[in-house]
Each structure stands twice: as C-alpha cells, then as structure tokens.
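What follows is a pair of complexes built around subunit A, which joins subunit B in one and subunit C in the other.
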Partner chain A sequence: MSDFNYQQLDDLIHSRIRLAIMAALASLETTSFKQLKQAVGATDGNLSIHLKKLEDAEYITVEKTFIDRKPISIYALCPKGREAFNAYIQYLETILPTN
Partner chain B sequence: MTNQTKKAQEELAFIRSIMEDSQRSIGDNGLGFIVWGFLILAAGISEFLFEYFNLPQFHGWTFLFYVTIGWIFMAVVTKKSKHLLGNPLTNRIISTIWIAVLITMTILGFVGGASGVINLNYMTGVMYTVLGTAYFLQGAITGKTWVKALGFAWWGGSIALYFVSGLPAAIIAATMMIGLQIIPGFIFNRQWKAHFEEKDHE
Partner chain C sequence: MSDFNYQQLDDLIHSRIRLAIMAALASLETTSFKQLKQAVGATDGNLSIHLKKLEDAEYITVEKTFIDRKPISIYALCPKGREAFNAYIQYLETILPTN
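Our next item is the complex of A and B:
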C-alpha cells in the first residue's frame, strides 16, 4: 500500500504503552492502576505519565473512590477515547490486504 | 508484503493480545465463596448435632434456614456490588454460571430431597458434583489452572461421597468445604484486594 501514512495515525495512541492502555481499557471498561500495570507491563512512573496524557486528551477518565477504606483510582475509557481507538484500528485494517 | 503492512499487522496483533489477556480477568472478591462455604458448613454441623442429640423435628429446616440466608446475602451483595475490575463479559458469564449452579443445587436439595427422588444420605455427593462443574468452568474461562483443578477435586470427592455416609461422609464433606471452597474464597479475596494496593503514583 503506497498511500499508507503513519502521520494519519493518532499520535496519542500511537505509542506502545498508550496503545496497550487503550486496548486494555477497551476490553476491561473499568480497571485499577495495578491491573493496568499488569496488563501493560510498565513501571509505576511511566504508566502514570502516559495515563495523564490520555486523561488530558479526555480519552480516559479517572475516578477516585474508596474500597475497604483505601483510596483507589479507577480508570475507564471515555466515548472520545473509544472513538479514537476504534478509528485507529479501522485505519490499521485498511492497510491490510483485503483477502 | 510491504514494510508498512507488516507494521500494521504487528500493531493489530499487539492490540489483540492485550485485549485477549484482559478478557480473562474477573473482579470477584471471593466473598460469595466464603459466605456460602461457612453457611453450608454451619448447616452440616447443625444437622449432625440434631442427629446426635436425636432432634429429628429440626431435620431439613437447618438447610432451608442457611440457604435462605445465603440467597438473601446474594441478593444484597449483587445489588450493591459494582464490578470495578475485570472484563464485564467474563464477570457476567462467571456470575451467571454461579447463579445457575446455586439454583440447580437449591432445586436438587429441596425438591429432590423432599420428593424422595434423591437419597438424603447421599445428597452431599450430588451437590458436590454440581459444584465441581462451576469450579471447572470458572477455571477454564479465566485460564486459572488451579481453579480448574478445584473442579476435579470436587468431582473426585463427590465420587467418594456416593459410597460413604454418616460421620465419615460428614468429615469428608466438611474438609472439602473448607479446603476447596472457603480457603479458595480467601485466596480470591486476597487477589482482589491486591489490585487496590496502590503506591502513591500520582
């Protein structure tokens, strides 16, 4: 495919860790920081930075709550984020041969 | 295949692998296992004591009492519970399996027992065979070999319970309930709580 252009891909998602975060959230709907860390395989600091970027872009939301009196952050995909993730996958699929 | 097509394929395979791994996770806090385990254990001990002290008028009512408490607990917890973790579809499948198994066991226990179709002396064996199915399915769906192995342990133990009755059967049944239901319940609970042990990352 000659018309493929990586610049057309969403820059925010087109990073290995952020893509993994989006894929995990697309499957889990809501999850904790620790579960995301396990799914993505990133360090605490690295994961926090990428989560913040996605949150700033309104791709994900973070809800602070208490479970067993412990504070916990629950992450979820926003409609805008789901749309961007679906568009990203659709674009990748257009690159592949049809048969 | 162009380099770009290859890259796109790799990217999609990566997304698929992350999503598939996540699909297996469930958000069970193990409370149902613990509560039902203790209730059935208490019912079994009560039945044994009633028999020991020759109080036949209470026979059968103990299970009705404890099973009713179990169902009330389930209704309250299900209403309150907010599955914060795990794949929603997997959570739904697992909870549906357990509700189906609990209904099956309630029918077998009360209707099967009261109608006389199932011999009450071997009722525990029947119940444990059904329990094995739920554990096996949960283990298979979530990819947890040890949970699947619990299914085999329930089935194996249930076979033994078709051949023994009285005190030996009560001891086997209680040991199985503690080792294969209550302890795994605490393990599920510990694993669930581990998801919330967050460091100060923000």
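Our next item is the complex of A and C:
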C-alpha cells in the first residue's frame, strides 16, 4: 500500500458535512436534530440527506420520540459507526503531519 | 460559528485525492509526478486533474525539466498552499477527538 493512499479514507465519513456530523455525535453522545443542525451549521434538507446516508450505513441510529408532545429525533453513533470513525481518524493521523 | 461547521474545511484540500497530494507534498518537499503517483495511489489521469486544480489555486507549483533527456515534472507546495494546508489541519484538529 502506498503512503498516502486516499482510497483508504472512508468516503462515507470523509464528506465534509458527514465528517462534521460524525465528529459532533462522537463528542456529544446523543443529540437531537435541532442541536445537530446548530453544531454542524447545515440546512434542514442537507442535514437530513446526510443523516439518512449514515443511518443506511448503520453508522448512526435515530430514535423518534416525543418531548412535551413535540416529535423529536435523537441521533447517536452505532458501534459500527464509532469503529469506522476511529479507523478514519487513525488513518488520517498516519498521513497528516503533526504540529 | 458553530462547533463543527463543515464549511470551515477548505473544500479544495478536503477531496480525498487532493488531501493525499497535499499531505505527500507537505512531507516530501518536492516530488516528481511518478513519485507522487506511487505515494497517492492514483491513476495518471485522475492525478493530473487534481494537480491542475491545486496549481490553479496556487497551492502548488510545477516545474518541468529534463533528467537524462527525459521530461520530468517536479511538484512542490507554495507558501499559499502550505498556509491553507496548516489551517485545514488546525481546523480538523479542533473538531476531531484526539486519541
């Protein structure tokens, strides 16, 4: 394998918005759609599309519930997603210089 | 600004192949097309396209010369490219968890 093989970077995570979502979920444990939207700085539509992709890959879970009778979606990393995210970061660390 | 604002990540660098190119050039100082191709693990065509994008952005320079009468292209980071790459890494470090 070459030293800087870009194909080793998980494309599903690497997209800027999905990377931001994964990073937010990795640090926040669970979070609502609204909180995630604020953290990532995305529009509703864009965020929904990318959350769905991560959900389809079983990287994240969504739980729909009610708080004060209002529907709310709670997102969290799955074990598979956490593993993929850790592998992504580890590979990134091998190719990027450390300051 | 939100904590994980994906728009802060320089899109020009973030593409997987361009990130690999920038990382390789940041560590190797100067390198030929052939060496870069081996390091990054890209095809000629794909590598050329992305090198041109980085060159157009003045992130890298290319110098065409001859070695043993064979034409050779030597690539290096420009100061603007190094600055952008450092800013990219710094922002990445703020959003990613450290192991």
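Miscellaneous remarks
Criterion: the second predicted complex is superposed on the first by the 93 of 99 C-alpha atoms of A that agree within 3 Å, B and C clash if a C-alpha of one lies under 4 Å from a C-alpha of the other, contacts with A are read in each partner's own complex, and residues count from 1 in each chain.
Simple rule for what comes next: contacts are C-beta pairs under 8 Å (C-beta built on N, C-alpha and C of every residue); 3 or more make two chains touch, one makes a residue touch a chain.
Keep in mind that what you see is a predicted model, and the values were worked out from it rather than measured.
By the touch criterion defined above, A:I17 reaches subunit C but does not reach subunit B.
Legend: residue contacts after superposition of the two complexes on their common chain; A:P97 is shown touching both subunit B and subunit C. Within the superposed three-chain model, A:K80 lies out of touch with both subunit B and subunit C [touch as defined at top]. Look at A:S27: by the touch rule set out above, it reaches both subunit B and subunit C. After overlaying the two complexes on the shared chain, residue contacts for A:A42 are found with subunit C alone; subunit B is out of touch. Legend: residue contacts after superposition of the two complexes on their common chain; A:I89 is shown touching both subunit B and subunit C.
Looking at subunit A, you'll find residues 1, 4, 6, 16, 19-20, 23-24, 26-27, 39-40, 89, 92-93, 95-97 touch subunit B in one structure and subunit C in the other. Considering their complex, residues 1-7, 9, 11, 14, 16-17, 19-21, 23-24, 26-27, 38-42, 86, 89-90, 92-93, 95-97, 99 of subunit C touch subunit A. Contacts from subunit A toward subunit B in the complex involve residues 1, 4, 6, 16, 19-20, 23-24, 26-35, 39-40, 44-45, 47-48, 65, 67-68, 70-74, 89, 92-93, 95-97.
Partner subunit A is touched in their complex by these residues of subunit B: 2, 4-5, 8-9, 11-12, 14-15, 18-23, 25, 83-88, 193-199, 201-202.
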